[in-house]
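Chain nomenclature is as follows: A, B and C, assigned in order of appearance, with residue numbering initiated at 1 for each chain independently.
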Amino acid sequence: MSPLRRFLRTPEAVTGAMLLAALIAMALSASLLFPGDPQAIAGPALLPPFQDWSLPLGTDRLGRDVLAELFHGARTSLAVGLAAAAAALVVGAVVGTLAGFAGGLVDEVLMRITDAFQTVPSFLLALAFVSVVGPSLGVVVIAIALGTWTGPARVARAEVLSIRERDYVAGARVIGMHPLAIAFREVLPNALPPVLAMSSVIVAAAILTEAALSFLGLGDPNRVTWGGMIAEGRAVLRTAPFLSIVPGIALVLTVLGVYLAGEGIVETTAVRRGLS
Amino acid sequence: MSLLAVSNLTKCYRRGDKTIAAVDDVSFHIDPGETLALAGPSGSGKSTIARLVLRLIEPDDGRIDFEGSDFLALSGAALRARRARLQMVFQDPLAAFNPRATVARVLDDPLRVHGIASRAERPRRIAALLERVGLIADLAPRAIHEISGGQRQRVAIARAIATKPSLIVLDEAASALDVSVRGEILKLLLDLQRQEKIAYLFISHDLGVIRSVAHRVILLDAGRIAENGDAQTVIDAPQSAIGKALVAAAPRLNRTLMRLASAGLD
Amino acid sequence: MTTLASIRDLTVTYRRDSNEVAALRSVSLDIANGERLAIIGESGSGKSTLALAIAGLLPGSSRIGGRIDWFLPSSPPSGAKAPPSVLPDISPSRGEIGSSPAGPLSASLAMGESGDKGVISPLEGEMSGRTEGGLVRREVRKSSLKQSYIPRLGRDIGFVFQDPSASLDPVMTIGKQIAEVARTHLGLTWSQSYARAKSLIERVRLPDPDSALRAFPHQLSGGQKQRVAIAAAIAAGPKLLIADEATSALDTIVQAEIVALIRRLVTEDGMTLLFISHDIALAAELAERIAVFRHGQLVELGMTAQIVGAPAQHYTRALLDAHIGLDTRPLLDRAGLHA
């Protein structure tokens, strides 16, 4: 049975994939369905949902279209989540591979740096970084990656430590291959699966961190973000709770979708590896 | 002059606060085109010697001269370049290749690393190598895990001869194979030796196979050389205690058959 | 000679992705009580599948067809104290368990893929540290015979795997691993079980039995670990001992010692031995009968002298010819070296 078919037979995986697909569809169609500036005023302020069908989810305190904000916010969440996770995985895998393969002093130095990053709570690190450098999309991505690359680095190093003792690494040395070529051609690709297995958790955490930063007003001010929307709604939480609840639900479903789909992929590929 | 001369090779491992000599003051030499076998029980140091000679691990003491120069003095690019002349075939051909590799990539690596053939020329060279070890060239695009164990060991031999080495270390290279395949692989190795004048350092626990293919044998016991001489002479009449024990322990079909026949007559 | 197990048309297929691979094709074979039978073959011959099928250790994804009839002495109810006659190193009449006054109990197990009831085979009492297998789910169709019986691993069948490091629990003492088998299957107390474990450690000739009881697997050499695995396999006095390539990972000298140990234990306890090996010379030294397997089929079965001395099948002949012994004519042409 192909991994795809096995994936499609796992209900959690399918649920996750559908949620993710909906999120991606929202992000891609945002400028088609809501071509204007989502932060422009679209109607009366604090219009509750399901009252006016041109503004199905109502409006916020300034009269902005909540549905349009939700669609455009999906873009930010997805972009930041994926970019931060990708950066964390790449940096982590490279650092872990170098540390594990080189051993000795290189390993010591790289792992002490990793320790240093790990001892600082990652959210605090992101917060400090953004408040020093200033909020923009790129900075937020770097800030989140700064706190999350250490996990993949440790997993990659542990995997590399076991792989470098294998016969095929000895074989590559006997052939006369350069140590860096061995590390990145022979060792890293085989150390990746457990590192990639962490990606769903990292993407989900990155999306949440981005929301938290935006909630605290440290998101990119020129972009609509779900965290920012929740923060906006906080002021009128008693009178218009939907302003916080709607983006909150979107956030929960997104994180759930990423997590379930990621687990589904890990599970189905793990089964395949177990068989062979 | 010897192709490989090893003198006073020593390698110790620390275990707790004890130091154990895995290889203890071992000296030997190999001539061009010759097969020297290393035999002994597990833990006798035969695989450690193989890895020391290949510089996969570094000795604590001793000297290795290969092709007339000090092999232990080489490092970095000079060592990697010299590795072309000294190759290895492992016991388990599945573990010896990157699990993601294809046959073509496994054979492409040595040609690329040592600049033996241009990118355009390499597919032809790979096909020629496969044919040299008795495989069809169509095997090239197949994944390593798809082909049979015997085919895999042939690919390992093709990879080892790709750089035209003068010495190949065979670390139990025929031990994990089915008996029917093993004979063919041994014949291939002898055939290559005859034609290319390759010397072998043949590590095996199987005295029958050593007697069949090696010129000389060294019997090791606890990291030291216990006995050393012509392979047939040593195995037919071992003098050392470990040699006698190894020979006595080897299962023998003819002895069994004679025992059964005499029991049948009673 | 009485029959211990009668295997008829045993067929095993493994499912891998969407293809089915036949590991055994319609194998019929009788195992006689008290004999030493070797199963030999190359990789993919199905010899290990046969061992696992007999022991009930096949993975759940495999499909099993055919039948195995067992002629085992009546088995005590689980947890009950065993009659002295099955405690091998106590009873003087061991080896005659099969013909005890109660008479052998004919038990039959028919396995069919059409089985409508999923029954979990009673392997929960298996000896400790079994990494392969675990709880195996087999589809078992109750046979029409009065007594249906699935042999219990550890109690009726002792199994020795190739790699003792994988079959022993790394964090449990040697003594406990052996005692646990005796306790589970013979209903002994812990102190009785430990006493039994100690006598077993002496029987498999581990040096210093008292400290060996408290040792952990990593403190032992490969050969010593295999001795422990054998002690655990025979701890409950099984009728059948299956050794699946049990000496293949060991060096020649240790291999010869383990083979001698197996031979001695089997003779002393009157056990039946199923010796699975790729090495025809080794099998010939130990076994009275040899079954040659190839591609999942039984090629030839006969007395050792006949198989080795006068094989009827071309394949058996080829296997014998491929053997490189200490008196085989060398492949190396010595004249070629300095030419």
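Just so we're on the same page, a contact is a pair of C-beta atoms (placed from the backbone, for glycine too) under 8 Å apart; a residue touches a chain by one contact, two chains touch by 3 or more.
No experiment lies behind these values; they were computed from the predicted model shown.
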Tell me which chain's centre, taken as the mean of its C-alpha atoms, is farthest from chain C.
A
Counting C-beta pairs in contact for B-C and for A-B, the higher total belongs to B-C
In whole angstrom, the CA-centroid distance of chain A from chain C equals 52
Take the average of all CA coordinates in chain B, do the same for chain C, and state the distance between these two points in whole angstrom.
34
Could you tell me the distance, in whole angstrom, between the mean C-alpha positions of chain A and chain B?
49
List of chain B residues in touch with chain C within their complex
33-35, 41-42, 149, 178-180, 182-183, 186-187, 190, 194, 205-209, 211-215, 232, 235-236, 245-254, 256-257, 260-261, 264
Residue numbers on chain C that touch chain B, as the complex places them
42-43, 222, 250-257, 278-282, 284-285, 304-305, 308-309, 318-320, 322-328, 330-334, 336-337
State the interface residues of chain B toward chain A in the complex, per the touch definition above.
51, 54, 56, 80-81, 83-84, 86-88, 90, 92, 95-100, 109-110, 113-114, 145, 159, 163
For chain A, which residues count as touching chain B in their complex?
166-168, 170-178, 181, 186, 189-190, 276
